[in-house]
Structures are given as C-alpha cells and as structure tokens.
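Going in written order, the chains are labelled A, B, C, D and E, and every chain counts its residues from 1.
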Amino acid sequence: MKELFAILIGAIFVENFVLSKFLGICPFLGVSKKTSTAVGMSGAVVFVMVLSQAVTWLVNHYLLKPNSLEYLQTIAFILTIASLVQLVEIVLKKMIPSLYKALGVYLPLITTNCAVLGSALLFVERDYTFIEAVVFGFAAGLGFTLALILFSGVRERLETCDIPKAFKGMPITLVAASLVSIAFMGFASLIIP
Amino acid sequence: MSVIIPVAIVSGLGLFFGVGLSIASKVFEVKVDERIEKVREMLPGANCGACGFSGCDGLAEAIVNEGVAPDRCPVGGASMVKQISGFMGIASGEVVEKEARVMCDGRFDNIQLKYKYEGIEDCHAANLLSGGAGTCNFGCLGLGSCKAVCPFDAIVIENGVARIISEKCTGCGKCVEECPKHIIHMVPVTSGFTVFCSNKDKGAVARKACKVACIGCRMCVKACPSDAITVSDFLAVIDPEKCTNCGECAKVCPQKCISDSRVRVTA
Amino acid sequence: MKIRSFRGGVHPPQSKNTLECETIKMGIPEKVVIPMAQHIGAPCKPLVKKGDTVKVGQVIGDTESYVSAPVHSSVSGTVTSVDTRIISFNRPITCIEIKPDGLQEVKEDIKPPVISNRDDFLKAVRESGLTGLGGAGFPAHVKLNPPGDTNVDTLIINAAECEPYITSDYRECIENTENIVDGIRAVLKWTGISRAIIGIEDNKPEAIRKLEKASKDFSEITVQSVKTIYPQGAEKILIRTLTGREVPSGKLPANVGCIVMNVTSVSFLASYLKTGMPLIKKRVTVDGSSVKNPANVEVLIGTPIEEVFNFCGGFTTEPGKIIMGGPMMGVAFYSMDLPVIKNTNALLAFSDVHAGLPEETSCIRCGRCVKACPMNLLPFELDRLVRAKLYEEAGQNHILDCMECGSCSYTCPAKRRITQSIRIGKDALKRMANK
Amino acid sequence: MEKRLIVSSSPHIRSNITTWGIMLDVIIALIPATGAAVWFFGLRAAALIAITVISSVFFEYIMRKILKRSNTIGDLSAVVTGLLLALNLPPTLPVWMAIVGASFAIVVVKQLFGGIGQNFVNPALAARAMLIVSYGSRMTSWSEPLSDIVSSATPLEILKNGGEMPGLLDMLLGKIGGSLGEVSAIALLIGGAYLFIRQVISWHIPVVFCGTVFILAFVLNPDGFDILYPLYHILSGGLLIGAIFMATDYTTSPMTRKGQIIYAVGCGLLTVVFRLYTNMPEGVSYAILLMNVAVPLIDRYTKPKVYGGGTNV
Amino acid sequence: MEEKKGLLSIFTNGIIKENPTFRLLLGMCPSLAVTTMAKNGLGMGAAATFVLVGSNLVISLIRKIVPDKVRIPVFITVIAGFTTIVQLLLAGFLPELNKQLGIYIPLIVVNCIIFARAEMFAQKNGPVAAVIDGLGMGAGFTLAITLIGSVREILGAGTWMGIPVTAKLFDPAVLFILPPGGFLVMGFLIAAFNKLADRKKSETETQEETGCAAGCPGCSKAMHGGEA
C-alpha cells in the first residue's frame, strides 16, 4: 500500500509529467487555452492512461517478455496505444455519445501524446507490477490534469494581457509555464513516506 | 526461428488491431459532414493540438462550422492554408473580390467639434455620448474601433477619419460590422468613383455639419451617363455594378464629395 | 430607530452646499424648448404647429401609446418652431420651441380632476404628465398599474437623495411635507397598496423629523432612515435596504411586491389632484465650482440651461464641463441651449480644474470595485471582457444587471473608466440581440 | 476656435485613492522591517536593499522604453517589488545576484506579461524562488545578527534539524538569523497594522494564512503536543512577511472574500507541507507561488451571487 | 506540393523558414527535455534526423502501394521501426548518450515532426525530395535543440559541450538546466525568432510602401478631384 501511495504522490507532484519530465507538452500547450477544454482533455488522458497502462503491461508481460523481444517495445506499444485510442473513440462515438462529446473529441490528440507512451516505457524501466503500473498511469494522468487545469486558468488570464508583440502566443505561454514550473519546484524535494 | 517470432508478433498485433478496427469502424459508423472530411484531409493529420483544437478533426470541424481561419494550423504551411481557404471560398460561393471603404471624408479640416471627448478610445463609447464629438452625426468618429478589429493592419486613422489601405484589405468585413455609424461598406475592388459621405440630413443641415457633405443636389445623377447614381435621404449612392468609372459625377459635384478611390490605391 | 443599509457602495464627498437654500422661483425665460420625449417609452407627437398660440398647461404633445406621458406647455405664447434636435439621448427628438408672451395665461379647462375609482386615478396621473422625477423618467401611471400577476404590498417613497450636490428632493421634504403625505395617501387609497415606507438618508434629520411629524397620524406610512451611502437611492438598492427583497434580473420591482416613487413625484401628484395644473415646472439644484450663487431654483420646463445659470448669477470661472443630474450618474452636455426637462433635478457646472478626468492606468486587481458594486458584480472583470470584445462572456457575467451607478469607476485607484466600458458592453449586447 | 466643453461618461468625480498612494502605503509599512534589517545586519544590508530597489526601478524604466510603452516607474510598484525582493534575501548575498533577481522579477515576471496588474505570480517571490533554485547555497547562508559572523542556521533549520531555539523575545524582535526582512516579527506586525488601518489590505488573508499554519503545525507536530512549536512556525522564517506583504499582493490574490479565504488556507496548508515534508526548511515562497497559479481558478469558482439571484458563470 | 522546388530550397526550408522547433513549434517534448546540455541536443537531433530521413524515404517509396485507409498505422509502424533501429544502435555504440537521453529516444516515435513530415511531404513527393526534406528538417531540428542546449548549458552549468567557458565570469544559475529554465529559454528563443521574422517582414513591407512615401497628402488631394 505504501509503495502505491509513494508512486501516486511521486507521479503527481515530484516528477510531474508536464512540468518536470516534459512529457505531453504538445497537448499541455495546445489544449490549455480554456479551462473547459482542459478539463475534458484531462479526463480523456486519465482514462486512456489507465487503460493503456493495463493493456501495454499485458502485452509486455505476456507477449514480449516470454519471447525476450523487449527491443520490440516501441513498435508494440505504439501500435497498441494507437489502436486502443482509436477503438475507444469509435466505441464511445456510437455507444455513449454524451461521454464522447465530453472526452472523445480529445482522443485523437492522445495518440501522439508522449505521456501515454512515456508512462508505458517508464513502467518497464522501473519494473512495476500490474497494479503499480496502473496506479502509475492514473497518477501521471492526475499530475497532467493538475498542471493542465492550473495552467489553463493562467492562460485565460493571459488572453487579455498586454503582452509585447514578439512574445505573443507561444513564447509567453512558455515563460508562463516556466513560472508555474518554478512554483512546482517546491515539491521537488518532497520526502515521500 | 528467431526472426519469425518477432515478425509474427508484430504482424499479428497489426492484423488483430487492423481487423478489429475496421470491423469496429463499420459497426459503429457515424455520418460526418462531407466538407469536414475534405478539409480534414487537407490538414496535416499530425494531431499535435498546436491549433488549440482537439486534433485535426477538431480544427476541420471548426473551419467548416465556425469559420475559423485555417492558418491556426502551424504545421501545414502556406500551401495548405491556401488550399483550404480556396476550398472554403468555393464552398461558400464567393467570387467577386471585395474590399472595405470608409464612406466619409469628415476630416478635422472639414468638420467642427461639438465638444471635447474624454474617455475610452472607442467609437461606440463616443457614439453613446450624443452621437460623437463631430458636428456631422453620420460621419466617422475617428477613434479607431475599426482599426482595432482589423486583423491585417489595413486601417489607419488620418486627421480624424479612418482610411483603408486597399493593398492590405482582404475584404474580411470585420470593420463593416464594427463601425457604429455603419459608414464602412464592402465594394468590389474594381469600383473607382465613390461618394465619400454618409450624411442623410437635408442639404442645408449637412452643409453646416461638414464642408464636403453630400447635399443631395442630384447634379451627379444628371451627369451620370450610365444611370449608376441614385439619391435617397439626400445622399447620393453609386452602384458599382453600373458605374463605368467615367468620372463625370466627380466633375460636377459642388461639394467635392465624389472622388476616384483608385487614385489613392495606385498613387 | 434602526438604520438600514446594503452591502457595497461608496462615500463620495456629499457637497450638499444648497441644503439650506430655499427654493427661488425663476421668471419666464426668453424662449422655451419642449422635447416630445422626456420619459422612457414612446415619444409624443406634437399637437401644435409653428405659429399656433398656446397657453400654460395646454397639452402640446401626446401619443396613443400606453407607455408614454403627455407633454404640456409651460408658458403662454407663440410656437416658433417644431423641429428635430439632439437633446438628451443619442437620438434626434422632435422639439417645440415657444416664445412666451409673458402673460402666463392658464388654459381654461384646467381644474382639479374628479376621481371616483382606480381607473379615474390612473387616467388623471397620465394626464398630469407625471414621469418619474428622480432619474429615469418612467411614466407614473404605468408604474402605478403593475402587471396583473404581481401582488404589490409596499409603496416605497424614495427620499434617499444619495447623489452629491443635489438637494432638490430634500427641499421638497422640507418645504412641501404636507403634500408628500397627501400624495402618498392618495396613491395608497386608489391603488389599494397597504403600506408606504419613506426611505430617507440619516444625514437629513430635519427632513426626517418633519416627515415623521406629518405622517404620525397615519399608521400605514412609516419613515425609515437609511445609511448615508451611495447609491442608497437607486431603486433596486432601496428596495433591498427597506424590505430585504431582491428584484430578479430583468424583472420589475412590482414582481417583488414593491412600487418605488420619488418623493417629489408624490408631492406633485398631491398638488395636481388639488389644482389640476400638470407638470410644467421643476425644482433644480444649480451648483458646481463654476456657479456664482448655488441655489435651488424652480424652473419652467423647457427653459434653456444657460438662462438658469444666468439666473444664479452666471459663472465665476468659465465652465469646463456641464452636467445634467448628479456627478455620479448625470450626463455631461456640450451645449448651453439644452432645455430643463421633467426629470432634470440638478445642473452642475465645473471649472476646468474639476472638469477633466484623471488618466487611466492598468488595473491592479485590488478588488475595490468588487467591494463597491451594490449589485455584486465583478466590474473589473466586465471591464476586461468588454475591452477584449468578449461581449457574450460579459453577458454571462451579468453585465446587463449593471445599473451604471458609477461606484466602481469612482473607487478605482487606477482610474479605470469601468462604467463607460460597461456601457459599451451593454450597447454591444443590445446590438447583438437586435440582429 | 471657441472653447469646447468636455463631455465624458459618468461618473464625473473620482475618489482620491491612487495606485501611487497604495504603493506608497506599502512602502511606509515596510519601513519598520527595513529599519530592523539595517539595525541587525548593518550597512551591508542597507546597500543590498538600496541596490535591489534601484535596479528594479531601472529595469522597469528600461523595459518600458524598449517596449515603447508609457513610463510607469511613477506608480512606485517597482520600488515595492524591489524592496520586497531585497527583504527576502539573505544578508550575505553577493550584490550582482540581487541584481539578477531584480531583473528576473521586473523583466520576466512583470513586464513580459504587460506590466503592473498583469503578472500572475508575485514578482518578488518568483525572483526569490528563481534565486534559490539557481544559487541554492548562496541563498541559504545566513549571518548572525549584530555581528559579521556567518552562522549556519535559521530558527526553522534548527526546528527541523534539532538544536537550541532562540528565545521568543529574540524572535519577536528579530535577533535571529534569516532573510533581511523576515527576522523581526514585531516590525512586520507594525507594518501589517498600518496597512490594515489604511485599508490597503483586509485581515482575511494574513490571519487565515497564519491561523492555518498554526493549527496544522500544532496538529502535525512530530514531537507530540507543544504550544510553542506552532508559535515558532509563525514567528520564524518568511511566514509573517509572506502572509502580510506577499500573499496579499492584489494582482496575484483572489478578488472575493470567499476566494481569499480558500487561497489563504491553501497557502497555509502548502507551507506546512513544505516545511514538514520536504528537505527544505522553508516553503512559504513556494506555497504562495503555487496558490498564485491557482488564483485564476479560485476566482472562477468563487464569483459572488449577483443581486437578484443570478449566478456568475 | 505542386510547384517544383529546387532540392536546395527544400533543404533550407527546414532549417530557416519552416524550422520545426522555432517556427512550426513541433516536437516540444524532446526540445525541452533533453536540452540540458548541448551534446544531448546534438545526439537527440542526430537520432531524430536518422528516423526522419529513414521514414521519409520508406514512406515516399511505399506511398503508392499503401491504401489511404490504413496509411496512418502503416506510417506509425515504419516510424516505430526506425526508432527501434536508432535505439539499438545507440545502445550498442553510444551507451553513455543512450543513458542520458533515456526514454526520449523511443519517444521519437510520437514526435510530431516526423509524423507531420510523413503526412505533409513524404506522402506527396518522390524519394529524393523526401530524403532531402528529412535532412533539412532534421538539420533544422538539430540546430534548434543544440542551440537551446548550448544556451542552457552555458547559463546553467557554465560549460559548453562539457568545456568550462564562464568559470571566471559568473556563477552558473542552476535554474537553466532544470525544467523551468527549459521553458524559459525556449520561450525567449522563439520570441527572438519571431522578432527576426517580423523585422524581415516589415523590411519588405516598408519597401513596398515607399512607393507611397509622399502619398498621403498627395492622395487626399487626389481624393478631392484635384482641387487646390
């Protein structure tokens, strides 16, 4: 239980995927313009992260490992994730349109979200058990959510700020991200029980 | 053997997902607007989210349904933007190239000021205060609300009147909507002679308000060989469809409020 | 007595220099200009033409429309022109200009109205030409005849003159106390409303004493003192202060069982019922740093403001700004030719030093406007949204509920023109709605 | 041309509160703490403070010039930023580092976002955090008050790592190690009282912030129950200067009472988490910075109920 | 790409006009994550270039055979294949760098640059042009992240490619090799690029406008039918 808690806290705060590992920067910068879309995107990411962690763990454990084909990880994982996301999208669209409306539109973005593949690669590197891998995915998703939603609030405010011309758009967003990241440095030395 | 297993696994995975997906896409098919699909195909498909929408599908939908500009996509580059704009342009049936024109020449030398305006630099704000500071109640307020909304920097305020730089104007029409006095009109780019006035008051009143106001004297109507000018509410209007740019109207206008806008363009 | 108040508001300097200035009557001006729309609602159509002779109290403009009130001549004389001018609103208004003959002959058919039921009463109110004398100028007969689905139990008499400088309502309380009470009783009697509350600010003890004394025999009338804070006298605010009720967005006071009338309005009503003379004159506070002799002047409606200022001794310094109404909500004008109209309660002239506004700087998000807003809005946010042209979002943040009291702009340390920016936003939303 | 009257939108009068006046009040309120800093840490402290303030104003001036915008050094906000930054620096810091901090605060945190009122984190705090991250050891080497001896520990470090705590009176007066402006609790409280009386700040944020720290420190005290322990937490480190002067920064704190209370509780909670559960002895800066980042969201969800029952979206 | 472009312009296009990092804002994750040192940037750039060139070539070759419906999975597989090759090569020959770059090497697979070029260019062009485009884009990416890496390394560690350069001048600010510094440097560099591009644009614009230099008074005269 303690390990799981450590994984949870660690992935949310200490090694926040976005702010300290630079994973999922594209959607972080792309979809954080409005809090409402940020919430939708975050929901979709958490959902897919958990699901993909489970499936990739199974693929890794039962397909690759027994055949000592670890070097095929990248191909196998990305195929799995891409197909999984698409499958989820298709199914949601038909079966639960309301949920699709809320989350589904963000799904295509997730295929190329390095956070998903990154967390899969990390659980292999760290040799997590199935449960640990799933919790890790969930926590990384939450960390992404935290950063994205906090940042979306900041960006909504930036929208009407009087920003120097050269810095308008991406540059000021990155500078803002830098300041948020400085604030998150407080968590860097968190002692995890 | 060592080669076969990895190949088998990868292709097995591929086959499994491929078949599964194609079945799923058939079973769960949902109809989409054809134009969205077309636009979607023109987009790069990187699904990177840099446009701020949920991937390329999201942007395609926004382009078609909400009129979002395709240059929101930083990936595709100029050629893609052109392609999509072209496609959307054809789809909406626009052919005649138009540009905006400010129908007023109420510069400070031509009008007087009723009062000294103090407040937010915004035409609507001034318009709310007794119709603006100028003596002409129909004229340009010169506080640059149109300039502020122009996405192409195509408007300058000169001596209290907005002027549109036609090389930069793309005919988007944002200024037309913004102007509280409704004095910016869309005209075909080929249109030359224009009545630079929007005053609908009687001649005497209009003349008092502005030196170059149209007084509705109908001299131009008589002079026009192609019946392109009509006067209503003491204001002459040139129909660009009929106008041949002969310039007879400008010659006879006693108020000098008709002039050739093309001169400014090429000068 | 318990002093009631509300959350928010500001304390601009009172500047009530004319509190002790007894009303002086001003004579007949050189000309009067009477606009056909001095109220909210349909403008009147002129009933006279150039060259006609008119008498005092004669109806010179009226309309079929219900939400409207007739306009009467304030002088006897000759109509010199009927034309369109830009007077107080941002639209041209038909105006009748009359040259007085100095005789002030009264129209023959003027006599006290005979009233036997509610309908008679409402008809008489309409004929009196009464529109809200406090500010907005809403026709009184419409106000007193609320929609059928409402159940009005309280008549609120607004004597909370919270704008700086203005003392004309205060003078009414002091000089015509009896009329006020008579007017209230008439309204209560004919409309069937059970009680009346006079809301008056606690910095006017003399007026409170007089009103209490005059109304002590009538248990249905209470005098309630309220805290001196701006904008205590705003209709919606006064309702909450006195009854604890809040008028929902887009609804009328009648929807929460209240009708609010200005104290001068009820007083005029009483005198109309006694004499039959319609609304042709108005008490106006004349003040401001440029005015030589600040005073309360009784002015014939239609008198050009220049003559009113001249009557008060002219200007000590050339004015830089002229305001009709109080400094918080009044309208600045550019021409001295404008006439005094029914709801004019003050004419202020400020010298250059006091005329200009300080320069605007960036919002520092201090939150003073949020604290000051009596409607619980977020003025800074509305300002930000309007300037970014996010009008719909401003609408979602209830920009249309703003009553433009100006407290936010007044209190802003960055001197932001918040109220003006809100006006732009409201205007934009209205335009969008019309589309 | 004849004279024209001015026409403007109402209201036509304005209160005499100005941005300049508010900033001046903050500066006045910081005088006791600045005085205490100079008293305890000598002329070097005075020089450090002066240079930080001057360079802040200088950067503000230069940035506005470069961006071709109106000059804003007159509103004194750059002075306040510089002063607050200086008071958050250790007395031994090399001067050039203070200048780097001032440039970060003014250029990156404030002017890039449009200047006064538009930054989303407190410039002085962000600069301090940036300096701590960049020059960790320099930013945490303290000197003994009233002497030149370099001491090793602030009360918070002692609290964390064990050792003899200074007496309560010394902590109140400021005869302890620490950043320039944070040592003298009494000077800070005097400043806070002044701001409160002048109605520049309300009590909500400082009191709730400190209250949250007090309660949590009392409950989470690793050594059992001790009323002195939470008191030490209040009096030592940057809590008071943070709660009174930094967390109450208008621009980066919520607009409504409700929002301010949520914000202050968050600041307190994070401060205790950082102080007790990280390797750092101090966490006030990070706590406030993190809550600064959350302010837009807090504002969004704590909009007041509109008169007439409407809710803000 | 209908118009025929010179191969050279295709190549330089990726370096300057459509620099993937600074102009197209693609591939942010590795640009930020591995650029704590110039060397890492160089390594990452080289690896990405390899994948880019390889996948561009293969996709350009097979573009006519692959049906449209399945092109995305096929592209992903091709890219993933090349990524795996790079991964194995690095592990074999440069284990040190491989360790430094960590999971960011396999993550090349989801780097938007590669996918975007496959979709936008390789799919529509012949193999030679595709390879050149890959090289150009790769070079642009490499230059960009090496630049970021250099700035961060010099400011944050006082070294460049491991060589001390600023030891005597100032103490390095550790911030720059930490995540916040990554965002910060990236933001400033993009702003600088914007500024440069802007200046170029406005230069050409002023040239265009000089045609009207004496224009405005002249114009308004013209506007009044030659009056005065």
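Here, a residue touches a chain if its C-beta (ideal position, glycine included) is under 8 Å from a C-beta of that chain, and two chains touch if they have at least 3 such contacts.
The structure presented is a predicted model; accordingly, all values stated were derived computationally and were not measured.
> Kindly list the shared contact partners of chain C and chain E, in label order.
Common contact partners of chain C and chain E, which must touch each of the two, are A, B, D.
> If you average the CA coordinates per chain, which chain's centre is most distant from that of chain E?
C
> Taking each chain's centre as the mean of its C-alpha atoms, give the chain farthest from chain A.
For chain A, the chain whose C-alpha mean is farthest off is C.
> Any idea whether A-D or A-E has more C-beta pairs in contact?
A-E
> For chain A versus chain B, what separation do you get between their C-alpha means, in angstrom?
Roughly 41 Å, centre to centre.
> Which integer distance in Å separates the CA centroid of chain C from that of chain D?
Each chain's C-alpha centroid was found; their separation is 48 Å.
> Taking each chain's centre as its mean C-alpha position, how far apart are chain A and chain C in Å?
Chain A and chain C have C-alpha centres separated by 60 Å.
> Name the residues of chain D that each touch 2 or more other chains.
Expected reply: 4-9, 108, 114-115, 118, 130, 133.
> Residues of chain A that contact two or more other chains, please.
26, 29, 72, 75, 79, 83, 111-112, 162, 167, 172, 175, 179, 182, 185 - these are the residues of chain A that touch more than one other chain.
> Listing for chain B: what residues touch at least two other chains?
Each of 10, 14, 17, 46, 48, 50, 114-115, 118-120, 125, 128-130 in chain B touches at least two other chains.
> Please list, in label order, each pair of chains that touches.
Every touching chain pair, ordered by label, is A-B, A-C, A-D, A-E, B-C, B-D, B-E, C-D, D-E.
> Quick check: in the complex, which residue numbers of chain B touch chain A?
5-6, 9-10, 13-14, 17, 20-21, 24-25, 27-30, 46-52, 54-58
> Any idea which chain E residues touch chain D in the complex?
So the residues of chain E in touch with chain D come to 170-171, 173-176, 178, 180, 184.
> Taking the touch rule as given, give the residues of chain E at its contact with chain A in the complex, in rising order.
25, 28-30, 32-33, 72-73, 76-77, 80-81, 83-84, 87-88, 102-103, 106-107, 109-112, 115, 175, 178-184, 186-188, 190-192, 194-195, 198
> Could you pull out which chain B residues touch chain D in their complex?
113-120, 125, 128-130, 133
> In the complex, go through chain A and note every residue touching chain C.
So the residues of chain A touching chain C come out as 159-160, 162.
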